[in-house]
Amino acid sequence: MSDYLFYPGCSMESSAKAYYHSVMSVCKALDVKLNEIEDWNCCGATEYLSLDVTPAYALIARNLALAEQQANGATTVVAPCSACYLNLSKADHYMHENKAFGEKINAALAAGGLHYDPGQLVVRHLLDVVINEVGLDKVKGKVVKPLGGLRVAPYVGCMLPRPDYNSRYSDSEHPYELDDLLKALGAEVIDFPLKTACCGGHMTQIGPATAFELIRRLISSADDYKADVIVALCPMCQMNLDAFQGQVNGYFHTNYKMPILFFTQLMGLAFGEKPENLGFGSEFVSAHEAMKRIGVQTPVPEEAKPARKKPAGLPMPPLRVRAGLKSATGNKEATE
Amino acid sequence: MSAQEKKPKERVGVYICHCGTNIAGVVNVAEVSKWAGENLVNQGVVVSRDYKFMCSSLGQELIQKDIKEQKLTRVVVAACSPHLHEKTFRNACKGAGLNPYLCELVSIREQDSWVHTDKVAATEKAKAIVAGGVSRVVYHEPLIPLKVPIHPATLVVGGGITGIQAALEIADAGFPVYLVEREPSIGGHMAQFDKTFPTLDCSACILTPKMVDVGNHANITMLTYSEVQKVEGYVGNFAVTIKKRARYVKTADCTGCGICWEKCPKKVIDDHFEAGLGYRKAVYTPFPQAVPKYPVIDDINCTYFQKGTCKACEKFCPTNAIDFTQKDEIITVEVGNIILATGWDLFDARRVTNYGYGRLANVFTNMEFERMSNSAGPTGGNIVLRDGKTTPRSVGIVHCVGSRDKNYNNYCSAICCMQSLKFAHLVHEKTGATVYNFYIDIRTPAKAYDEFYQRIIEEGTLFVRGKVAEVTDAARNPGEEGKLIIQVEDTLVGKQRRIPLDMVILSAGLEPRADSKALAKIFGISCSVDGWFIERHPKLDPVATMTEGVYIAGCAQGPKDIPASVAQGAAAAARILGKIQQKEIALEPVRATIHEEHCSGCRICNTMCPFNAILFHEDKMVSEVNPALCQGCGTCVTACPAGAITGTGFSNEQILSQIDGLLLLTLDKKKEAVA
Amino acid sequence: MSKPKFAMYWAASCGGCEIAVLNIHEKILDVDAAFDVVFWPVAMDAKYKDVEAMQDGEITLCLFNGGMRNNENEHIAKLLRKKSKIMVSFGSCACEGCIPGLANFSSIKDVVDTAFTTITTDNPDNLRPQTSYTMPEGIITIPTLNPMLKTLDQVVDVDYYMPGCPPESHQIAAVVDLVIAALNGKAELPPKGATIGAGNSTVCDECPRKRHEKSIKAFGRIQLIHADPDLCLLEQGIPCNGPATRSGCNSRCPVAGAQCIGCYGPAEGVVDYGARLIAAFASVIDSDKPEEIDRILDGLVDPAGQFYRFNLAGSLLRSSKSAQKG
Amino acid sequence: MNEKVIVNDPPSAGPVVHEDLSLLHDVSLLTPGDSHIEMCIQCGTCGGSCPSGSAMNHTPRAIFAMLRAGMRDEVMKSNTPWMCVSCYYCTVRCPQDIHITDVMYTLKNMSLKSKMVQDSTASDFSRTFIHYVENYGRSFEIGLAGIHSVTHLRLAARLPSMAPMALGMLTKKGMSPLPPKHIKGMKDLKKILKRAKELEAS
Amino acid sequence: MTDIPETKPFEPVIIGFTCNWCSYRAADMAGIARMKYAPNVRLIRLMCSGRLDPTFVFKAIAGGADAVLVSGCHPGDCHYSTQNYKAMRRFHLMKRVLTQMGVEPGRLKLLWASAAEGQIFANEINKFVEEVRALGPLNWNKAGIEIPIEAAVEEVKA
């Protein structure tokens, strides 16, 4: 199996450690060799694009430039996060499609002694690699503990199948790749109507009411179909559905307890890896019950105890924050 | 060395047309004709005139007079585009006893006065164009058009309403017609419909009489369950190879009593005539009024053909008309002209995944609905949900499914608006349900169409202006459980709406036949990018094609409704009748010929001809062009490495000397520049 | 009575034509028997002044080979034209420029620079020949180069063309026979301007290789392809000029397993030899996709060289005629 | 619940004053790739598809109509682009192949530069987020959530407190409360972004 | 006609080849719609772009034209079904040879135009005329060429 340039993305080292560990374990099992891009930077999610086009693309392109430098033979960049995946491929796509734009971005990169030739690298999401490079047969071959009896809602989200610049997926609204994978693991896959609906994205931060509604739709729909768990393939989706589920319940006076897992966690289980090594237990809504149903013991997440320090005392003294914010607003000083 | 340097001894007359002010307004015609008279003497010009309207009878007489008095052997007219008046001036020359092909019409209007403003430049260009024409015409040869007889029979491909109309028109005029239909019966899509807009008369009631006429017509040979495989020949003389699929029913003995399909144990989903909504047997006629009445055995599904036992039909057939041993039959027919009325396919609504067709039970297509609403259809005309019994209380009709959408088909399917309005009426009439129409624009541009729209509004149908974003079963708000929800922006309100419904009908668009490109190849015509056949002229020649003798009509040419299709069928028929009356047709003598002594048999030209006009003689090791098949494109002339092929009308000498002429001025200029 | 006079001259050429003439074996004796050889610098000692001394049209048959590279060539061409009844443009160089004509791809300066500066030349002081030089004895001169190499018929009127590099000996023999017969009133000479000593079709006509309808997916140089000995070379992707090249050589090269390089020049009535090959080769490329077409064409290294190896000085674009026009 | 989240007032019914017909052109110019925005046929597929449409004071379709009408101020003030969740439904469904999501980004950029943004919640969130990226090269969810809810109390107040969740982040997900380490190439990254901003301005 | 004073811009002379069915009709269409374009192009009507012989192009250039326009039906729409593909193949090879002959590739243009595309036809002509104007008159004796010896050597090594 060939080598891949690996772009983990910020969440993988904070909120989505479970994803990180399970990805590592699974790729090891499938001997997919991931070489992390040395000194990669944040892709800017959707936020930077909202502020300044050129810097946003320059930020993304830096990663591509680094990847191209470190490629030695590898041609594919793998991102496990849908947002990162889309940003990277978006940058490559537009730099390629619009020469002038590509040159503009490279002009910016040049300031840091970097350059990227659009079209040089192929950007792919991990799921795509597992399905189309590794192949389901190989996956099936690795399954030792089939997930029989587990009803899963395959949740693909937005940025993987849309806009899908290189049309890698079967459909932009009802793609079946994730279903096939989960079926290969022996799980019972529901026809999830909201498979590619939105998780709310950053709206949890800026229009929570809107975001909560989007989350509610997803969870309730999965619940209507009697799903035991929702399977996600993007840290943002997982976080929104998992971490905010409590608040959603509060907001709508519902009482959902829908565990949200990463597809790699289930793959790991099916491959016979220990739940501990797959980041189980780090979810807000415990998957313990659901997993017990198929005879898997996953660690019970410890309930959050009120810490000594007040949560308000989060790092970052107010001054620096304001300074930071201020500087972030006025374009010029920002980089001073 | 090259021929065009030899001194011509031809006597050339040059005629510059003012075309009123169309040309004279920009080009200094007097100067051009003077210049030609003085400077093109070496090229053989003996007279050069300009005149107000060359195409007028006076203008033509002017030319004819000169031909006689000045003993002209060549004529160059500088006027409008050859596509307009080439024939006019050729005939004028003919009238004066000069071979028409010794006349050259060069365009100084479309290609000059109409597109330029700088009078000096335009005049210079006119001179160049005239010089080109003169240098060229010297190398013209007298040509005689090839006269070929026209075979009186006509091939009509497609037994839908268009083909039926065309066939009847020609047959009634007393000429033989072969009507080829792929399905077991003629009738086409129209036979599937329930009512027809805007008059709402029943489709079958107006169609079946015509079908019967076809069936009984002495001049019409019906070839149902058959397909055209190959077309050879050219206008007036086509040889068409047709494959008649085995029916496994002896039509001579069959009475169409129907016992066979009553007894046949094998039930199949009829995804063709019943649009997948109903069943048929393995031996069947598509529908009761089928013409011809004889059934066919569908060997893919027939138990006997699959398992080797059964033969129920054979046992019970009172006239022993069943014959399992029948084989496909290949026949060849001779015809003079061809009409393609191959119709359309329905857009596959499953492609629009957000509309859920195929995933959501109570989403139906327009064809499904037509069958459902048809009293002869699977539900006996009852509008019900997929469960077969529940009557919907609310129905949404979605326009433009797969049409006017860059993700699918870019064009407007033309009939969906009226069809959806018709559906609204039928649902309302039969169920009293609340009906929504979801549209982008309502397009009702034909006689009595908009009145129909008014009527539907009056009936209380609700209209929402907005392209439906999605059809889903994911309930979100109270009242949505167990229903289909249409999510749409009501663009007139500027708000998103979610409308719970029991049934959704998708007005899927019309598409070219899946095999239209292959078909076009067989008949030597061209397709648009979408796959619709291309007419000779979008306005002035809508049923002819660029290929002589091949005509198109109905939806094969583009989406259209029944009235338009019928009109085109009749129009194509009329065009052909006109040709048949003439008994013979003159082919442009622009042809390629291979000079045997120069041909080395390298066979490079062999793959050049799309009309298979070039044959290779293994014995003599030379290639030869069949002048009747040759269309005169000249591709082989250019391909020949030995220069052994010449193209009449467009010979190397003609083109090369025209280039010389066009550049005459430039060279003078450059010489002056040097001096 | 005195025998008819025979002359042969080489201008810008390699001498192969002369060898070809001698290569007609015993026939050379007929030549000697039938003709009085008055001028043939390669074979015998002769002075220009001797020719100048002759009457106009005194020479019966002049085989003139070589192109017009310099003013000396042109001078002799005009001289011999004046003195000869039958002026035969003999061999590819005279007819269409041949290899020396390839210089027409470049400006004359580049030609000279290439000759006097490239590594194959030891010229430390980077000298150039001067066309005239004053010595105590007086001024000595050498011929000046033409800006472009001309074919013979671009300088003088030619009676017959005899193509080939060199013309095949059996064809020469045949022509000799013909002329002799004609002189004895036993035969008719062909019309002026005709091509003699060659066929009126192309090499394929005499080529024994099997051939079919052509469609080419890749071109390749012959040394890179294991060619089927019985199959048409072009069909195997080997750029063989046979289809466009005048017959008469018994398709020597294809028979020997090498592709025809076109030394017999264009077929009857062809205006531009290279254009024929461009059209023919491109026509049978088996692709309708621009990118793929380009990929296939990449297999034709140096197409202009391939198509105009012998014909450049006679071509539409690089003959001295067009140069003057442009 | 829809009413609850309408942030701005609906558009006034007054006549359109001082049309600015260059607006449409500006937008397509500032959008990378070919946005096809001038091709809109006002079918409403975008507005119908938008998951956060209910929170917008104009549907995307309406925005495109306003762009045509040259209603610069109204568009710049609209919260529509800021409510966009980048789900790309509109983009893939648009029958005219308009890159709607990308246009929304452009509109955000423009409205920020025009200083006409009405509700800074979204833009400030973006800035906070980018503040980390621009100074560390990586984003920092905890800090982000924290500061954001602090700086937008009125919002945080409207909701059940986020504290337990933030706490959960620390305990369950084992996220570090400390800001991310600088990436090694921070100096160069800053140079790149500086140059990019200059290019953007030019 | 006196020769052009230095002050006037260089007016290139361009020979254009059209096919009878699409591109010539496009030119007609441009005329009928009174679209204005540069008067530098002089058209020759062939039955099909497949008739276009490289000889014609060479003749035009040798005869003093500064550029040549080749036009035909859109690929797939050829009136003779596929002949314009043959034209395309020849065009590509012709361009390579002309380049070696010292004629800038910019002096040869291939244009697909359907009978309906008068506007495109007019626009493309204007564009082409400007491009050629920029190239200046075709100067023969400047023409030098590179025969890719290296390439050849490479290949033999391989």
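Going by the order they are written in, the chains are A, B, C, D and E; count residues from 1 in each one.
The rule is simple: contacts are C-beta pairs under 8 Å (C-beta built on N, C-alpha and C of every residue); 3 or more make two chains touch, one makes a residue touch a chain.
Computed from a predicted structure; not experimentally measured.
The set of chains in contact with chain C as well as chain D comprises B.
Path length between chain C and chain E in the touching-chain graph (shortest route): 1. Of all chains, the one whose mean C-alpha position sits at the greatest distance from that of chain B is C. The greatest centre-to-centre distance from chain D, using averaged C-alpha positions, is reached by C.
Ranked by number of C-beta pairs in contact, the top chain pair is A-D. With each centre defined as the average position of its C-alpha atoms, the distance from chain A to chain D rounds to 20 Å.
The geometric centre of chain D is 49 Å away from that of chain E, both derived from CA atoms.
Chain geometry summary: the mean Cα position of chain B and that of chain E are 32 Å apart.
Contact of a single residue of chain D with at least two other chains is seen at positions 54, 89, 92. Among the residues of chain A, those touching two or more other chains are numbered 172-173. In chain C, the residues touching two or more other chains are 271, 276, 279, 283, 325. By the definition given earlier, chain contacts exist for A-B, A-D, B-C, B-D, B-E, C-E.
Interface residues of chain E, counted against chain B in their complex, comprise 1-4, 11, 13, 15, 21, 24-25, 27-28, 30-32, 34-37, 39, 42-48, 50-53, 55-56, 59-60, 63-65, 76-83, 86, 90, 116, 122.
Touching chain E in their complex are the following residues of chain C: 105-107, 110, 147, 221, 223-224, 271-272, 274-276, 278-279, 281-283, 285, 287-288, 290, 293-294, 297, 300-305, 307, 315-318, 321-323, 325-326. Partner chain A is touched in their complex by these residues of chain B: 353-354, 359, 470, 472-476. Note for the complex: chain D touches chain A at residues 1, 4-5, 7, 30, 32-34, 51-52, 54-55, 81-83, 85-89, 91-92, 99, 101, 105-106, 108-109, 112, 121-135, 137-148, 150-151, 155, 158-160, 162-180, 183-185, 188-197, 199-201.
Residues 10-11, 13-18, 39-42, 44-55, 57-59, 62, 93-94, 97-98, 101, 104-105, 107-114, 158-159, 162-164, 172-173, 197-198, 200-203, 205-210, 213-214, 239, 243-244, 246-247, 250-251, 281-284, 301-302, 304-307, 311-312, 314-316, 321, 324-325, 327-329, 331-332, 334-335 of chain A touch chain D in their complex.
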